[in-house]
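The same chain A turns up in both complexes below, where it pairs with chain B and then with chain C.
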Partner chain A sequence: MKFRCERDLLLGVLSTAGRAVTGRGGALPVLSGVRLEANDNQLVATGSDLDLTIRSTIDVAVETAGATVVPARLISEIVRSLDVGAVEIEVTGDEARVTSGRSQFAVRTLPIDDFPRLDPPAGEQVSVPADDLAAGLKQVVLAASSDDARPILTGVLMTAEEGGLRLVATDSYRLAVRDLPDATVLGEGQKVLVPSRALGELIRVLGSAKEVHVRLGERDVTFDVAPEDGAKVQLTTRLIEGEFPNYRQLIPASYPNELTVGRETFLDAVRRVKLMAREATPLRLTLSEDSLELMAVTQDVGEAHEQLDASYSGAELTIAFNPDYLIAGIEAASGDEVTLQTLDALKPAVLRTSEGPDYLYLLMPVRVS
Partner chain B sequence: MGGPRLHQTGAPNMSQRAHEVGAAQRRLRVLHLDIDAFFVAVEVLRDPSLRGLPVIVGGTGKRGVVAAASYEARAYGVHSAMPTSIARKRCPNAIFLHGDHGRYGEVSAKLHEVFRTVTPVIEPIALDEAFLDIGGAFRLFGDGAAIATTLRNRILDELGLASSVGVARNKLLAKLASEAAKPKASRDGTRPGRGVVVVAVEDELDFLHAHPIRGLWGVGPKTHERLAAIGVHTIGDLAKIPTDALCATLGRASGQHLSQLSMGIDDRPVVSGRGAKSISHEQTFPTDHHDLEALHGVVVRLADAVSARVRAASLAASTVQIKLRFGDFQTITRSVSPEDELTTATQFIKAASTLLNDPELVAAIEERGVRLLGLGAANLASPIGLQLSFDAQLDATNDVSSTAGGGSDADWAEVTETLDDIRARFGDAAIGPGRLVNAREPGPGRELWGPQADKR
Partner chain C sequence: MRLVIARCTVDYDGRLQAHLPEATRLIMVKADGCVAIHADGGAYKPLNWMNAPNRLVIDDEGWVVTSPKGESLRITIHEVFSDVEHELGVDPGLQKDGVEAHLQELLARDMATLGQGWTLVRREYPTDIGPVDLMCRDDEGGAVAVEIKRRGEIDGVEQLTRYLDRLDRDGNLRPVSGVFAAQEIRPQARVLAESRGIRCVTLDYDALRGIEPNEMTLF
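Then we have the complex of A and B:
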């Protein structure tokens, strides 16, 4: 195998494919590598940890077709260190030679026969506008759990909802729900649970693409992204098996208290006051007529207060939140204004955006004495 | 010998402009305050008919010890840490009370509120005792004598408690000064103390040297014996011995330390004791326990008492400790710091049980028996709160979650709040853990000094 490629393009595909390489392979050392295949003037780089597989494809000048597996981290570091210009990679026996200008590296390859074979994606292909999906995923992925002890909560539920697509995630402290009314991905009544980590990677590659093609298999889902410039990316992830909790029952039917406040103003103030909410101290919000007061007190450190103009209807109430969870919700909400609806200091509060009913962020408070 | 000066200063008038405090007075910035017979005084407030009687608070079982004695009882030679059996012999007419540490904790919290009106730099030593650095308070409140008098009056007015205050240049002298200010017990009645003693810099050595060496930190029974053997009885005697000679008798570290103290040199600052503070209860059993089940019952009781004190002081613990003394007197401690801060008895029980269920420990308990069990809350700080979750609702459907039966921490926090309310209104005995309902009387379970221990 022998091919030539611009350093920046090569680094791009290696990095993208390398994001699936976690070293979690453990028993399978070859999974610490990235598979390179040169054929028909194309280079395909593949990284996988068995759960998630990312393939990145670019046009290159192929002299001899072939395939190999090279250590993912090492090859990326080498290519990144090179000067801008052409890079040549040639594999002979169990050695990959990387040449650029007067630099030369010889890297021992990994056994290619051990590398998992990925079945070609099955299922019918559906297309979704990339920017819609990216925006929706960003608003939801943040609420998914990263605790592997509760695998179901590490996923994002994708479900057909009134002809559109609904995305749902919760880590048991907050719940994010986003409707994409124009995206028809799933058949009526269909739902899948997709690992949030894979969707986080998908957001990264959606970038400048116009469309994303989705193919839903029995046990996995594949996303194909072809941006106008740059590498084509195919991302395949296994689906999480099991039943997502009944999130609908978490959302209270109505709220007696409703606060409306400018989103940027609110966000800036929360970030400021958070400076004094150290060591996991919560942020307290006091809601009263036409005003919102934020307060944080950390023992032995100090305190911060800020008062905001806001429109409020309801009973005077003090409620405390983890500031990071609150910030994540306000950031995700988008729009000029957000509304915060509450029942009392111990019940979930809901954050919505002035932009419309398509997004909801439900947040459990911190119980303070 | 020119004794310490007693300043008869009235309470400073707060509306006055900034106080002018002279340089000599500004050096006296350490204040030590101690409530007179604290546990007894709290009991008397609850039941004024006890006033003037010999009252002893402590464990009443076979191995119980005295926690506090009224001055009337002290006149009979009863003092704290004395086995209750001896106290009974010396003062058979005394009224013996089990004590109510939940209540003492509440009063202690109020006491600290009064301290905080003067300075934030407070080093708590015990529930009723603390060092205050008053260096930043002179301008507002006047000199040490004025601050001491203000504090003492406020504590008497607001809490109904008499206290003794010492003011001096350092901790050693301030502590000795507050002792000198205390009432003295005698068979003819209690002689009132001076209340406030200020040790001026020029009087320090005269004041210090008249004290017996027992008054110094670091002089235990052993050291006391060795020093007595070479004719050293007072701190003045000690000051006359060259440091080298002292080191030869007591060892280098101890010799140098005592030599410094005997000169009135003590550089330890007053440090706000947060983080170092702990709240603990322990129980000595009339007969050794070999049975883990019985110990779990004691854990419930101790956890109830300790957690009530932690909450009464508006604190939360990061660490739970258990202390075990085996039948052969070997004493061990184990501790654990769970992820969430602890305030409820349920949390303490869970943590302590985890420690107690260590197989190695279980084997030792069964083999050697347990004489004493203690439970402590450490790394105390203002509670930061408990992040609530959807788990309770999620559990109700289908997700497998981490909370195994018995309700979530949040549920227990709510229950505990209600429990505290009920106790505040109807007394500590009004409600308690179900496990303790059938505790035999007057069996070992009733000997604890805790919120639910019977009062009479």
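Then we have the complex of A and C:
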């Protein structure tokens, strides 16, 4: 195998594919490598940890077609270290020779026969506007759990909802729901649970793409992205099996208490007051007529108070939240204003945006004395 | 256990040579023959020590500890401030919070954690290659072998697979299904278990003990 390509393009595909590569290779050392296949003047770089597979394709000048597996991190570091310009990679036997200008590296390859054979994606292809999907995913992925002890919660539920697509994620402390009315990905009543890690990677590669093509298989889902100014990327992830918690029962039809406040003003104030919410101390919100008071007290450190103008209807109430979760919800909401709806100080509160009913962030309060 | 607080000088000769100048220290002589010299600081680690087996000879000039490996530790005693000896007896060993035995006991008491209508047949159910942690019957009367770990690794799945293979030979039990229960299950172990039809259950130690978490959750 021998091909030639610009350094920045090569680094791009290696980095993208490398994000699916496991750190240590685990039981299958070849998975610490990235598979390179040069053919028909195209280079396909593939990284996989068996759960997530990322395949990135660019045009290159192929002199001799072939395939190899090279250590992912090492090859990226080598290419990154080179000067801008053409890079040539030639594989002979079990050695890949990387040449650029006067620099030359010889890298021992990994056994290509050990690299898992990845089946072509199955399922019917549907297209979704990439910017809508990226915006929706950014609003929900943050609420997914990173704790492998509860694998169901590490996924984002994708479900058909009134002809569109609903995205739901929760870590049991907060829950984010986003509706994409114009995205028809799933059939009526269909739902899948997609690992949030894979969707985080998808957000990264969506970039300037206009559309993302989705193919839903029996056990996996594939996203094909072709940004106008970059490499084509195909991301395949195994679906999570299991029943997502029944989140609908947590969202009452109406709330007696409702606060509306400027989003940026609220966000800035929460960030300021959070400075005094140390050692897992919650941030308290006192909701009263046309006013919102934020307070944080950390024993032996100090306290912070801030009052904001707000529109409020309901009974005077003090409710406390984990400040990081509250900030994440306000950040994810778009629009000039946000609305915080509560039942009481111990029941989940709902944060909505003034821009419409498509986004909802449910947040569990923290019990305070 | 003999504890001596004394002003002493210590010279070690073995893998290297080391000298502790005259100072007040704690000299600890354990029943198994270990000798350790501690300063008043440095957590658990002695300044110098000799692991058992040792030979301790006390003469006019001080103590000489020698090991079969040819190491020697000479402790020159200048002044003794305290010298006490106490019989500690046999130590029961370190019991870490959440050890498998306790998880097994808690789970045996609350079979609903594994499934509604499940009943316990026996803890430590014997097989010819060792006992499986729990033998249960599910709500349909099917036999289920449960292996319990603090950390669920591939080794544990292999162990349960071996038990299932043996238990399945018993016509009174067959077919026997498996549950791999742990406080934390490694992803690779989960994949392996599920590929063999073994169900994985993550155990919440606090919940099993009836301890409510401080943080409220949505569900």
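By definition in this document, the second predicted complex is superposed on the first by the 367 of 369 C-alpha atoms of A that agree within 3 Å, B and C clash if a C-alpha of one lies under 4 Å from a C-alpha of the other, contacts with A are read in each partner's own complex, and residues count from 1 in each chain.
Note that in this section a contact is a pair of C-beta atoms (placed from the backbone, for glycine too) under 8 Å apart; a residue touches a chain by one contact, two chains touch by 3 or more.
The shown structure was predicted, so the numbers you read here are calculated from the model rather than taken from an experiment.
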Contacts of A:P245 with chain B and chain C, given as first, second, both or neither: both
Contacts of A:D148 with chain B and chain C, given as first, second, both or neither: second
Which of chain B and chain C A:Y173 touches, first, second, both or neither: both
Partner chain in contact with A:Q307 - chain B first, chain C second, else both or neither: neither
Partner chain(s) touched by A:V366 [first = chain B, second = chain C, both, neither]: both
Partner chain in contact with A:T281 - chain B first, chain C second, else both or neither: first
Intersection of the chain A residues that touch chain B with those that touch chain C: 149-150, 170, 172-173, 175, 245-246, 250, 346, 348, 364-367
Chain A-touching residues of chain B, taken from the complex the two chains share: 272, 274, 311, 314, 343, 381-391, 393-394, 397-402, 410, 413-414, 417
Chain B contact footprint on chain A (complex, rising order): 149-150, 152-153, 170, 172-173, 175, 243, 245-246, 249-250, 279-282, 299-300, 320, 322, 346, 348, 364-369
In the complex, chain A residues that touch chain C: 26-27, 50-51, 148-151, 170, 172-175, 245-247, 250, 346, 348, 362, 364-367
Complex contact set, residues of chain C against chain A: 154, 183-188, 190-191, 202, 214-219
